[in-house]
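Next come two complexes, and both contain chain A; in the first it sits with chain B, in the second with chain C.
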Partner chain A sequence: MPESGVFFGTLQQVLRGLPYTLLLTFVPLAFAFLPGLWFGWLRAKKSVVGSRLVGAYVTLFRSLPLVLQMLFAYSWLPSLLASFVRARAWDIDVFSISPIYYALIVLFLNTVAALSEVFRAAFSAVSRHEVEAALAVGYKKRQAFFRVWLPQAVTYALPNLASATVNLVRQSSLAYLMTVPEMTARARMAAGLTFDTITAYAALLLSYVVLCFVIDTIYDVVYARVIRKMTGTLRYRGT
Partner chain B sequence: MLTIEGLTKRYGALVVLDNISLTIERGEIVSVIGPSGGGKTTLLRMIDLLEPADRGEMTLGDLVVDLKRPGKKTTLAVRRRIGFVFQQFNLFSHRTVKENILDALIYGHGYAKPEAEKRAAEVIAMVDLEDKTDAYPITLSGGQAQRAAIARAIAPSPDLLILDEPTSALDPELTGEVIAVIKALATQGMTMLLVTHHIGLARELADRVLVLDAGRFIEEGPVANVLEHPQTDRTRSFLERVRNLWR
Partner chain C sequence: MSYRTFDARQIVDALGVLLPYVGISLLILLISTVIGMLLGLLLASMLVGRHRALTLFARVFMRFMRGAPAVVLLLLVFYGLPVLWTGIGLPAISQISRFVAVIITFALIASAQMANVFTAAYRAIPQSQRDAAIAVGYTASARFFRVILPQGIRNALPNLANTITWLLKEGAVAYTIGVIDLVGRAQLRISANYGGFALETYIALAIIFFLLIRIIELSFHFIEKKASRHLSMTGHKEISDA
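And now, the complex of A and B:
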């Protein structure tokens, strides 16, 4: 058993990475929300071009290992950007740009793909007959979308949105490859100093479990509330 | 008040509606009966412009409508003059009974909130759902849901009420309460186009019956004539098969 003093010291080190982990989770999530919603809608309504393009995008990002994307972005994006800047003779030092931006871009692109699947399912879950009924009572198409289709879809999306968020927390750990000092990177640093790898990873594990539990619980509470309001009864059962 | 001429609709090679013509006078109740797959629901959907036809023209009051390309403005105008009651109710499941009606009036018909509230209370009383005003659709019985849907459809005082098999999705013991509401509307002089398998309802309410089979009206006339003295074998055999629904 590791000493508790070492454990808590390490845990403290790991938690210094928490702001970065949260940043790497919620910034991509926030930016990906609207594109994901839009892509999901294109897929659900089976718009011919939109659906195919989005489908190809989703397939691409689902089939590429995130590690590969991270390594690729970290090694290739800066040099690409550098040649771009050089060609225009701009006075910017590309290699001083914090790697966190590259990590954010990779996570953003993946989250757009993930959320477009989440919202595709959610939009498909809403009864098309209700949307049609809205048209029949004189709604314009736009009104039917914003007043009937969208509010129900967002509600149905919440449980899968929770999964997507937790996934993103876990995916953000790969940003350590880009030397972003998030929790995993901090744990590895701590392990390097103490030579107590097991303790460092135990502290890291605990941090992720608690963080994901908190996020899940928040989503659960919100979902239960929305469902209760929507149906007038508490039909929600926790997973 | 409503005339349709030359309405044709195909799904691929299947001709669902074959050069249909139809006239409905103000205050008249017209019932369309016929076997499943005969085109009844498609006909109603074409009239409310929920789907484009391949060909056909419609006049509704002073509106002249190309059923193939109605145009946005005309589409909206037509739908605002027609109330549509669906077989499966199709209430907005995230809104209460009252909100369903308010939404239809406010967003669908541009009512101001106070007028909408007043009208909603009226129609809720009319369909006898005062105790379910704030209930969500999921908590309603089929009969209550259909009455709420009827209230939503009639709230804006439509020129024409279309009912697509309004009792077909209901348990037999719940059809009575919906039929009572429809009868009450009939006595108030509502113009109705009623598609139903419930021959008894058609016989009791309708001024005129049309039999739609394979996309054509094969029989048409006053209720007594069509139902008691059918002229074609197809009508006879159809009526025979649904005889248990006569009452």
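And now, the complex of A and C:
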């Protein structure tokens, strides 16, 4: 059994990658939020062109393993960008661009697909009667959307949003393939240096599990608060 | 700096190289799905059961698996299991087979997902169904096999399809410990070409994955339709007209 000193030393090494893991999680999430919301809305209201296009996009990204997308992007994006830059005779060294941007792009595109599914379900979960009631009391369509439909949809989306966020944390581990120095990459480095592979990966797994637990707990607290506020004002729990 | 040329014929060639490996990827998927379903059923029964300690165990396990990236778990199982093995006094082994490590990892990952699917499917069965089964005098096992299980399976089908396709995608990381499945073979082909035609090989790989997942989804859709025939309104026309 490894000594605790070795374990904590390794854990420290792994946690140096935490900022990158958080970056790879929350930047794609923040950027994908509005496109995901919009796409989900298009699918929920079944606009013909919109939902077909979004549906195709979601199907494409849900049919390809992330590791394949990562490998694909890493072998294709830099050379694509290089030929683009060269055609315009710009003075940029494409191959010195940090690979984290490629990882962020891949995770962003996947998160848009994931969130559009989350919000599609959430928009559909809001009762039609609520929106009709809002229109009946004289709300304009816009007001009904922003004051009745959207707030409830976002509330219903929270548990699935938590899952999407945790999933993103898990997925970000594959950024090590692009040599981004996040937690998995650090653990692999530590394993290579100390030859204590098991300690390194145990520390890594523990870090991920705790991180996801913290994220889940934050979402749970927010969700409980929002629901309490909602039922408090309405004295009615939407189904 | 040289620029790679794109050669569409390489995609066809790569498809030919990769197709025989569909079987290995599907075999890994099948074995880990079956073991995962059995473990998942066990976990689900712990979750809905009345035994507090077992419920807690299942919850903690599922929380744990929720945050565990497949690639990390795979590495830990591959390197850690031999140590654990000797640690509990079994004859020393230096390494477990890569194939076994992949199966164990994805069976574990599948079990947590399957437990979620089964629990949701179980809870979707109306209480009245169970009450009715008791009322007509079914024994506990008859209640389970004739009432709970058939309805539960039908409820679980859509999520089961999702979980299996998800598992196939997660399984793509198996190559990181050197398993020669679809992705592993693709990586071999790329290194055999000294990094050449990587893009074409990945496109071939993407086509195969896309088709596999569509086939799994469509077949589940078909089964679901078959299993829900009795629920369609046309079947109850006389009743609804009456």
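One rule holds in what follows: the second predicted complex is superposed on the first by the 232 of 239 C-alpha atoms of A that agree within 3 Å, B and C clash if a C-alpha of one lies under 4 Å from a C-alpha of the other, contacts with A are read in each partner's own complex, and residues count from 1 in each chain.
Heads up, the rule we're going with is that a residue touches a chain if its C-beta (ideal position, glycine included) is under 8 Å from a C-beta of that chain, and two chains touch if they have at least 3 such contacts.
Not measured: the values here are computed from a predicted model.
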Overlay on chain A: chain C relative to chain B, clash or fit
fit
Tell me the contact category for A:Q143 with respect to chain B and chain C: first, second, both or neither.
first
Could you figure out whether chain B or chain C reaches more residues of chain A?
C
One more residue to check, A:Q152. First (chain B), second (chain C), both or neither?
first
Report for A:E132: first if it touches chain B alone, second if chain C alone, otherwise both or neither.
first
In the overlaid three-chain picture, which partner chain does A:M230 touch, first (chain B) or second (chain C), both, or neither?
first
Going by the contact rule set out at the top, does A:D216 touch chain B (first), chain C (second), both, or neither?
second
Figure out whether A:V118 sits in contact with chain B (first) or chain C (second), or with both, or with neither.
neither
Once the two structures sit on chain A together, report how near the CA atoms of chain B get to those of chain C, whole Å.
13
Chain A residues contacted in one complex by chain B, in the other by chain C
none
Chain C touches which residues of chain A in the complex?
1, 60, 62-68, 71-72, 75-76, 79, 82-83, 166, 169-171, 173-174, 184, 187, 197-198, 201-202, 204-205, 208-213, 216
In their complex, what parts of chain A are in touch with chain B?
127, 129-130, 132-140, 143, 147-148, 151-152, 155, 230-233, 235
Note which residues of chain C are touching chain A in the complex, please.
1, 3-4, 63-64, 66-73, 75-76, 79-80, 83, 87, 165, 168-173, 183, 198-199, 202-203, 205-206, 209-210, 213-214
Within their complex, state which residues of chain B touch chain A.
48, 50, 76, 79-80, 82-84, 86, 88, 90-94, 96, 103-104, 107-109, 134-136, 138-139, 152-153, 156
